[in-house]
Amino acid sequence: MALMLDDALLSSILDEVRPLARLGKVADYIPALAEVAGDKLGIAVCTVDGDCFAAGDAHERFSIQSVSKVLSLVLAMGRYDEAEIWQRVGKDPSGQPFNSLVQLELEQGKPRNPFINAGALVICDMLQTRLSAPRQRMLEWVRQLSGVEDISYDTRVARSEFEHAARNAAIAWLMKSFGNFHNDVTTVLQNYFHYCALKMSCAELAKTFLFLARQGRAPHLAEPVISPLQTRQVNALMATSGMYENAGEFAWRVGMPGKSGVGGGIVAVVPHEMSIAVWSPALDNAGNSLAGVAALEILAQKIGRSVY
Amino acid sequence: MALMLDDALLSSILDEVRPLARLGKVADYIPALAEVAGDKLGIAVCTVDGDCFAAGDAHERFSIQSVSKVLSLVLAMGRYDEAEIWQRVGKDPSGQPFNSLVQLELEQGKPRNPFINAGALVICDMLQTRLSAPRQRMLEWVRQLSGVEDISYDTRVARSEFEHAARNAAIAWLMKSFGNFHNDVTTVLQNYFHYCALKMSCAELAKTFLFLARQGRAPHLAEPVISPLQTRQVNALMATSGMYENAGEFAWRVGMPGKSGVGGGIVAVVPHEMSIAVWSPALDNAGNSLAGVAALEILAQKIGRSVY
Amino acid sequence: MALMLDDALLSSILDEVRPLARLGKVADYIPALAEVAGDKLGIAVCTVDGDCFAAGDAHERFSIQSVSKVLSLVLAMGRYDEAEIWQRVGKDPSGQPFNSLVQLELEQGKPRNPFINAGALVICDMLQTRLSAPRQRMLEWVRQLSGVEDISYDTRVARSEFEHAARNAAIAWLMKSFGNFHNDVTTVLQNYFHYCALKMSCAELAKTFLFLARQGRAPHLAEPVISPLQTRQVNALMATSGMYENAGEFAWRVGMPGKSGVGGGIVAVVPHEMSIAVWSPALDNAGNSLAGVAALEILAQKIGRSVY
Amino acid sequence: MALMLDDALLSSILDEVRPLARLGKVADYIPALAEVAGDKLGIAVCTVDGDCFAAGDAHERFSIQSVSKVLSLVLAMGRYDEAEIWQRVGKDPSGQPFNSLVQLELEQGKPRNPFINAGALVICDMLQTRLSAPRQRMLEWVRQLSGVEDISYDTRVARSEFEHAARNAAIAWLMKSFGNFHNDVTTVLQNYFHYCALKMSCAELAKTFLFLARQGRAPHLAEPVISPLQTRQVNALMATSGMYENAGEFAWRVGMPGKSGVGGGIVAVVPHEMSIAVWSPALDNAGNSLAGVAALEILAQKIGRSVY
């Protein structure tokens, strides 16, 4: 029998997974991420009925990192025709680490999907082409989606990422060599790192991504964010490519479309029912939050939800 | 508004996709497959309520090929503990062609998942260890699942596959060199090719796979085939690795767990609702039935079903 | 019986290979190279006894491109200890295209050898660290080696290369991500492209590289360029890695250490005997001069010279 | 000033490199190799003038392993036209481990060169096609070349290799899948492992390979083994592909064409001057004899010989 969803349930799940946080490793390639306390742990759920539940550090903001790749994709889906996007980036799992150039070279500069670094950089390149102020636009839009006015970039993180940009610069230049990158590399990298440096809490993330559980509609916005069909498509992409190399393992254990970031955040969606955000900075080998994945797995079992 | 599921709807879908069959290419690596008429086209659906619908060549048998990889996995799940299976084969998408050795060598002989050739061969190797007559056992079990007594192997196909076994033999030997293959290579290849050479119709396949839409229970069997949790796991694997390199594209377009074979068959599942089988021998570049994928995409739209 | 080396012999060899120039393809990734006449054909030989022979367009200058990679390596060997160089770049054939990033990523940013782009970029990075004016220094040194005062960079080619620098920028950034690139990427790329844009004739190249046939000593210079041991080492590297992916084929056919450039030039060395330069802009699939390799093969046979 | 070649010089070189043997690792994939004493150390040189020098364990037989790949190639060169051989195997360095399948799959089953396992297996496949008794023929021929009547296969090693044949079987089957392997895999593997299991001493090897320093002629045989041009070609192949991944490093340090085996033997050639064989079972990471390479390096320096 599935349990009732409430704050107490979320809290008990956090208690169960807390020991795992000690086994993972906080991302340390930039100081601003390395100094985050490894024992932070939070979770928030928003249902399509309008309820929101939270536990732990659900209201503390952190660097959402690659979770922003979903946001930039959805932003691009509103600015480009479907064919324009998918001729420049694929829809399939890569089977490779998120920042590898091997496949990108073999496949002539077309990234496998928009949720690996190469793919997200192409999307940012497209946004740079069509938006007059891509960073400002993203910020306004995320504030709108979340309903929170003071969401902002952690400029220290963005600057720090840019100082460690070598691998992403290599990816961008490699795509440029194949004609699949049109704008100035430095400019687009700056945008990309700012998107990664969005600071949001679990509660804000769950609210922001609720439209993916509501066929593309945010409850407080008159206009749909994307169409129902596009919503299914984004969820499908998250399900097959949202967890770096571990999409299959995550589907197996959790059974929900999800997207993780190296800041330790994961957003997951139960279509027609709820959006979930979890945060624990210690990562597993694939770069996903160790306690975060476990929390989602237990939640899925306790409330009896899986898309499969 | 989602349409009513019935034979007429299925029939109209087949009419819509029939022109696509001419654009694909029938598998021709063995004569027995090459001589199948490219214009064959069939579909069948079984619902959890007990209804079955069919259209086109839904009652003509064909070579199910890699669709059998789901059957051998489920058979192994009944004979081995979870840990025993997943230490020998992974759960993640490969991002590579189904018969590639590149990743297998780099990853020390552990296949990415049980739905690429390498993974299915490991599963067959495990079945050979635990079953006294693996071919006979599979046949009995499929007859039980489908409720059809005369399902059998197409021995001409099996023999023909074995004569063209070089690539699969290379895969098996490579795994043996890493200690991940225990039985005689020829014996296991013979079993593997027999499983691929199972002859079944769309109607029989839909019936056989209905347990994946029913939390592991076949309607006519007293005992569950697998547990509800295992059912979700198998569906998750199909969703992320069931369509060769195109798992993401298939999730995007169709939104259901599915498994295809080079005979042109595809099985798909809407958990808690229905199992679907479609057949059209002409394949796309990734080895999936061209008209078959299109038929599933249209069906998903018309009945408003997607797991995402 | 080996033939006598003289201008007439060289001339007859050019006549023999001239038809081949039509089968190759002039490098066209930048206009300045693409517009070179495909029928240019020249050869020059300098012997350790002081004789120089020439035929065809041996006195017309062209872009030496990757032939300059030998020059930058030798320059670095004079500025760095052996261990300093070879901890940052390897000595073995790559077995990959000259501008591939695949191996570079797998091997953690350490290029296989100094004659592929990645390796030459590391060498340029090292020169940037130790030389106050790397471009001016190279120019002065090449003028000294060749004894020709007006050798210069084709700044149009250098500028044009820089505009098409994406692939090389990707390589440099990838090495930077592994800590194997220390200076500003743009600055080093500018140096690298200038070195590639050195304009020299076959006669000037043969004279310049004569020190490799004379145990490191140029006939007109008091100081040795490099030691006898270093000379053998550079020749060994040219023999195993000087012809892109075709080092083995070139050794098989020609049997001399050699280094080619996409401008169509090739420099070859018969240790203790002679240096040779040949030029024909039309390239084979591996990027080596089609008629140039053939001319060297015939020359080797006619004069009975091979190191093997 | 180069030193005089004699037994005492060889002996002093062995003394110098003896400590290195302790740093390497004796091949242990089969018991018959693993039990060879790691402190065995021998060297032998035969000059084109008819002198033979030796030191250490130069008269003790060991398993020549991949050194036999040169013998099988030369045997094939006498049975096939040049074009027949080189359409089935390349001439270029692989840049990959000797038993890798990655490149072989990417390059459609055509091995890079005849000195990696895949290439040698193709050569053995060709010998099987043209020779009625390939094992007996090789034995007779090696006895003829060495002038030693009791050279034989170590059948215990051959049998043991066959029991660990999985990787080589995978390679053979992969080539078969591309149509580049014509005979029965087991039969050809048996031949291949017997060739590897030839037992010879340094003195016998130096004598056997002397024809490569004498333009294809063995001093005691009326007929040339191969032509002068073919001799240069074989030496060129050894120079660029004879030392597994370390062809460049070996050329750099030793400067001679050479071929090594995991039994710890290396054969090297100074064209027109001498053949050399060295043996020390402890290997470096690339699979070459650690002390053996060092001994050749010192010998090359002391006698002032290098082809470069």
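By letter and in written order, the chains are A, B, C and D; residue numbering begins at 1 in each of them.
What we mean here is this: a contact is a pair of C-beta atoms (placed from the backbone, for glycine too) under 8 Å apart; a residue touches a chain by one contact, two chains touch by 3 or more.
Here the structure is a predicted model, which is why all the values come from computation and not from measurement.
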Both-way neighbours, i.e. chains that touch chain C and touch chain A: none
Graph distance between chain B and chain D, where chains that touch are linked: 1
Longest centre-to-centre distance from chain A, chain (CA-based): D
Superposition of chain A upon chain B: rotation angle, C-alpha, nearest 5 degrees: 180
Centroid spacing, where centroids are CA-atom means, of chain C and chain D in whole angstrom: 32
Centroid distance [mean C-alpha coordinates] between chain C and chain B, Å: 55
Per-residue multi-chain contacts in chain B, two or more chains: none
Arrangement of touching chains [line / ring / star / complete / other]: ring
Complete list of chain pairs which touch one another: A-B, A-C, B-D, C-D
Chain D - residues contacting chain B, complex: 100-102, 105-106, 166-167, 169-174, 176-177, 181, 185
Interfacial residue positions of chain C with respect to chain D in the complex: 90-96, 103, 112-113, 231-233, 235-237, 239-241, 245-249, 251-252, 255, 257, 271, 306-308
